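Structure incoming, see below.
Order as written gives the chain letters A, B, C and D; numbering starts at 1 within each chain.
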Amino acid sequence: MNEVPMLTRFTASTEGRLALIALAVFLVMALLSPDKFLSVQNLTSMAFQFPEFAILALAMTITMLTGGIDLSVVGIANMTAIVAALILTKLTGSGDGWAVLALALSVSVAVGVVAGLFNGILIATLGLPPILATLGSGLIFTGIAIAMTGGSAVMGFPPATAWIGNSTVLGIPTPLIVFALLALGISLLLTRTGFGIKLRMFGANPLAARYAAIDIDAMLLRVYMLSGALAAISGMVVMSRANSAKADYGSSYLLLAVLIAVLGGVNPYGGYGRVIGVVLAVLSMQFLSSGMNMLQVSNFARELIWGTLLILVMIMNTWRAKPRKA
Amino acid sequence: MPDALVTLDGVTKTYSGITALDGVSLSIAAGEAVCLAGENGSGKSTLIKILAGVEQPDRGRIAFAGVTQGPLNPRLSAAAGIKVIFQDFSLFPNLSVAENIAFSAEIGAGARLYRKARIRDLATRTLARIGVDIPLDVAVETLSVAHKQLVAICRALATEARLIIMDEPTTALTEREVRVLLGIIRRLKADGVAVLFVSHKLAEVLEVCEHVVVLRNGEKVAEGPATDFDAASLTRHMTGRDVAASPPAPLPANAPVLMQVENLHKDGACTDISFTLHAGEVLGISGLLGSGRTALAKALFGLVAPDRGSITLNGKPVPTGNPLAAAEAGIGYVPEDRLTEGLFLTQSILQNIAIGRLDAHGSTAGILDLPALMSEARDWLKRLSVKTTTPDAPVRSLSGGNQQRVVLARWMARSPRVLILNGPSVGVDVGSKSEIHGIIAGLAAQGLGVIVISDDLPEVLATCHRVLVMKSGRITEDFDARAVTETELAHRLAS
Amino acid sequence: QDSKKIATVVKIAGIQWFNRMEEGVKQYATDTGNDAFQVGPAQADPQQQAALIEDMIAQGVNALAVVPMSPEALEPVLKRAMDAGITVITHEAASQQNTNYDIEAFVNEDFGANLMEQMATCMGGEGEYAVFVGSLTSQTHNQWVDGAIAYQKEKYPKMTLVGDKNETFDDQQKAYEKAQEVLRAFPNVKGLQGSASTDVAGIGLAVEEKGLGDKTCVFGTSLPSIAGQYLDTGAVDGIGFWDPSVAGYAMNKLATMVMNGEAVTDGMDLGLEGYNKVKLDGKVIYGQAWVNVNKANMADYPF
Amino acid sequence: MKIDWTRNETLVALVILGFCAAAAMSDPGFLSLATLTDLLRGGIVLGIFAVAALIVLISGGIDVSFTAVAAFTMYVTAMILNAALPWLPWWAALAFGMAVGAALGAFNGVLIAFFGLPTLIVTLGTMSIFRGTMLTFIGQKQITTLPPGMRDFGRMMLLRGENSDGSFYSLHGAFAVTVLVVVLTWAILHRTMLGRQIFAIGGSEESARRIGINVSRVQFFVYIYVGALAGLAGIIHASMARVANPFDLVGLELSVIAAVVLGGARLAGGHGTLTGTILGVALIVLVRNSLIVLGIPSTWQSVTIGCLILLGTGLPAWQAKRAAARAA
């Protein structure tokens, strides 16, 4: 008697339904190959895998909330990773390199912020549509990454570098911790700060935001700088996990990040989106993907299933809400 | 009533818990003008949307010429000769004026090919009919609100109609244009066309309508021939109480100068504007359509960068051309088009108010005290009597007048020193209007300077101490509001 | 002895080259009864390949045969595999550290020089030529091309390289467009050398449309099934490759040898064509497995 | 005629002229018929894609699945024709492809028009579905032996000539198809009420509904038409490349949309011209095919393309912003 309304209330929200989906995917995979999928080995392995693109999805989320998009995240990630890698290889002295690593990390995040600032200036100050501004700047960042290295990989890092991507803290993979902290931070930022509220309101109606005396330009600059910083952090995770940096790492993550954000319920036209939704979408994706690898299903079938999932979730969302579409 | 053109019987409509219409019955005969009166949120627009086939009623029967209709849709309604001027105009911003005017006519005629000459011809004729001159080929998005409203009216007039529904068609129009429109309504009636008219301007209602229906909270509370009503009784039916208009308290003689505007100039929009605003003063700015009032207001609020000129507030210069600086200095602006400029339609009512307070609100390490912020916003909802059951609902779900109050609340929450209100009671019912006027008076009493831009002459006289009249971008007159009567004012505007 | 689970992880699933490799892997499974299978990511992205290998480790395979998209990117994950006691064999990754053995069909620079030799002969030892790579980030492509250029400098000083390394993004259409532009920008160009398997097909189309089939010499890495129609018309003069199915078989065989503790020695015979007398250099095993194909012998290679 | 300096078209045209001037300066041979025909050929498939993307943008949507539709169509068509209908002439092969594309477009159309789902999300999903279905269930091997109809079409030339050095230049027959598509689309958009309704729903869907436009039907048409165009482009691509490679085309969608927006179409819907679209495509094709002539090293080519996209969109955007500030 009591459970039914609880369940209805739960499924009434986009995020509630996503939680059910993530759970369902987990259960199905666990049932299909219980010994493998539920092994500690596999669970840890999954926790190592998703943070790098999940962080990109966070970056995508905040830009989508303003009705924009950041197609340059992978370019930024690789460019900043190469900057960090060059520092790590050129400056490395004796010892295990913690100091150099700290330097490389800060420089790369700073470079990410500057790259984001460049996007922000294009979008806020010059008024370019975000999709084009970041498409163009993404090519430029990737190009710079290639020009810096001639296309080959940069490697030979001090051992400390492995810490970000390959180690565990109290048994929890470091990348997972990094992602969890970022997700929490972004979630707080979006829901509990003036910046977050303004950003969502701007996404809902840019003109009204101007009339409400919101500091639009400063806000957009900060949004894209933040996105750049997140991309840089993701770049660091990738660099550490690959123990090298190269201009073409993670090229498939761009579309994946967009897909995750949208699956997570973020409205790509701005105004709505929650971090929890994105996290649940990431989990569903990872469960599905690892599970299917265990079952040796073709990777193309995975693409098919993602697409189907996205559309089914959307049909469920509109079908339930049912006010005419916005 | 044997063969009424349109009959509604027991129509009920609820929106997720809110009963917008509750068993309303109504009939309209050919050649009759019926007025639908009621406070904000009483269900007028909902009734119209149902007749237009845009919304489906939950219960009730609708009949055209005695024939009961199945579920309606916009095409069926239009085919039955029902033409609507929507409160939000429902125009196509990207299409030309001519296309906007002729579009429904062409669709109705089942045209497959796009015949430009025919469309321009129809548009020209219709515009000529209401006697306004709007270039046919410009995109509607570049027009002023008033021109948009005129285009919306033309669109409804462009086709053969049996019932024309007008949802507050005169909100953005000047006196002259209202005259023309009322003339047209009379002619339509003579041709046997029925008119369903919604307006908060009671004088014009009583002037053209022979039948009045009053809604309150979605229910029909009164109905009868227009001759049975006068402004006062109509008001009483709508609000359930008496509303008295009282002129503003006189301005103390020693009121200090608050804002000084000198030689503010923007080529093509406003020319060398200078005036002063005193603390506690309500300054009216009136003028005909396109006289430059909005441009001036935007220049004051920094939305338009003037070519030259200065604004000083409390002796300190306010940087021009920057809304942030203007807001920082204490200038607030309630824009004229609340749907596109004022509101974040998909966001909650509370957030729409709270957005004004974000920077002023205390925060620890950037984290806002959300509960406090929201309860403050809730307070404002109460103070401005916004009619809503769930403050977390999107602001889109509010009726027009209630939406306007939300925008007002946002600015009032910032405690500005100068508040510029562009059409403060556009689409607001008499009851709330007088409340808003009361609020304006209250603001002035606290020492704020208020600028009211309006061509609702009773409103100007009821709220303002002083009136500036603008003509082609210049201030042509500056006089004490108490020294003039409504007719005198109308005369000065028009001359 | 019990059956082993050997996963062959290729750069990308579905393309001709690795479909052919899969034939070898399957053949090996049938021949030996081991559970040998092939997987590959849907997109050409080193990170996807790393994730796939992670999943294979979690699944508990006995051996991994990997064709890395980007060898450097796989070092950590392959290290984890080896730490977990999994045997790792790589291919097309002579620089790989974390591997038991890397098996190469040949020395990349030599292969590039072999293509150059054919092209130079065709050009009469003089004239302008241009080179194409699938991507500037691809190590093997760059090694082939660099080997070819070095060989030309040494042996054919009268030949000149025009333009930069042209990047085709492993896309036939891009290769076509680049070739078109090269032919316009350098009207005297006579030799064109491709690297990605789609390069010569794109170049061949451009050459054919311009009616330059007889005046140009087009060589490159490809498969008969991709470049066949241009070999037929003479737009492409010759291609070189190594048989991916044999390479696939060889990797799996090597993996089993390592698991069984058999010795891997210089000069040993893997019993496979091109790998009859392999050269062992550190962890890298080199065969002489390249095949040169032209119009005359293309019918012998139906893949 | 007065030149309107605030229009995207004008600014993009200027960028094109500037680019050509630079190319001609660095290599006088750039200004030749061979260059022109090469560029025109490069614009054939991109042009059809761009027209398709334009219509969707005007209707207020965005479609990222058209490249997947094209890839699916060309692959499946080549396969079916080879297996069952090898005798179909080239024009029937094109028609067949359009039908397959239209069917896939109808799938988008149903989800968008009748379920009312957001266009970006639907097409993002169907892109994966179309591609995943093809690669999982239909095949991954490229088809190098095209059906005779497509092969014939692939060798059809409108124009052929010899350069001074004895090489040929030629203009592919498919160019005529692109021209036809542009003309047909222009007629639909500007000479039929259906076209005006597409603009109308792009301007305001709710208003369109209120004046009795059958929004679902118009949207349905849009996605079917776009599907058909994408299918057509797919067949043309395969015929010209003489191979049906299922991995082709996908990944191009953002560049195509960029070209269209470069030409002045707005992502918010309701605005866009064919002239602008053609100019946008011209700029992209020109840039992609002239970097060697300009002597730009490979390592800097993507930077150059990025800069030109920013320049091409930046100029009009900045103009528009200034104009808005002036008028406000």
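Here, a contact is a pair of C-beta atoms (placed from the backbone, for glycine too) under 8 Å apart; a residue touches a chain by one contact, two chains touch by 3 or more.
Keep in mind that what you see is a predicted model, and the values were worked out from it rather than measured.
C-beta contact counts were set side by side for A-B and C-D; C-D has more. For the pair chain B and chain C, the distance between mean C-alpha positions equals 72 Å.
Centre-to-centre spacing of chain A and chain B amounts to 44 Å, using the average Cα coordinate of each chain.
Taking the mean of the C-alpha atoms as each chain's centre, chain C and chain D sit 34 Å apart. In this assembly, the C-alpha centroid of chain A lies 30 Å from the C-alpha centroid of chain D. Annotation for chain B: residues touching 2 or more other chains are 303. Residue positions of chain D touching 2 or more other chains: 135, 140, 206, 299, 301. Shown for chain A are the residues that touch two or more other chains, namely 146, 150-151, 298, 300, 302-303. The complete set of chain-chain contacts reads A-B, A-C, A-D, B-D, C-D.
The touching residues of chain D, counted against chain A in their complex, run 111, 115-118, 120-122, 124-129, 131-133, 135-136, 140, 205-206, 254-255, 257-258, 261-262, 267, 299-310, 313-314, 317-318, 320-321.
Interface of chain C with chain D (complex): residues 13-16, 19, 42, 136, 163-167, 171-173, 176-178, 180-185, 187, 198, 201, 205, 209-212, 215, 225-226, 228-229.
Residues 71, 122, 126-129, 131-133, 135-140, 142-144, 146-147, 150-151, 258-259, 262, 267-269, 298, 300-308, 310-311, 314-315, 318-319, 324-325 of chain A are the ones touching chain D in the complex.
Per the touch definition, chain D reaches chain C in the complex via residues 27, 29-30, 32, 34-35, 38, 42, 135, 140-142, 144-145, 165-170, 237, 241-243, 245-248, 288-293, 297-299, 301.
For chain C in complex with chain A, the residues that touch the partner chain are 13-14, 37, 39-48, 50-52, 54-60, 70, 72-77, 80, 135-139, 142.
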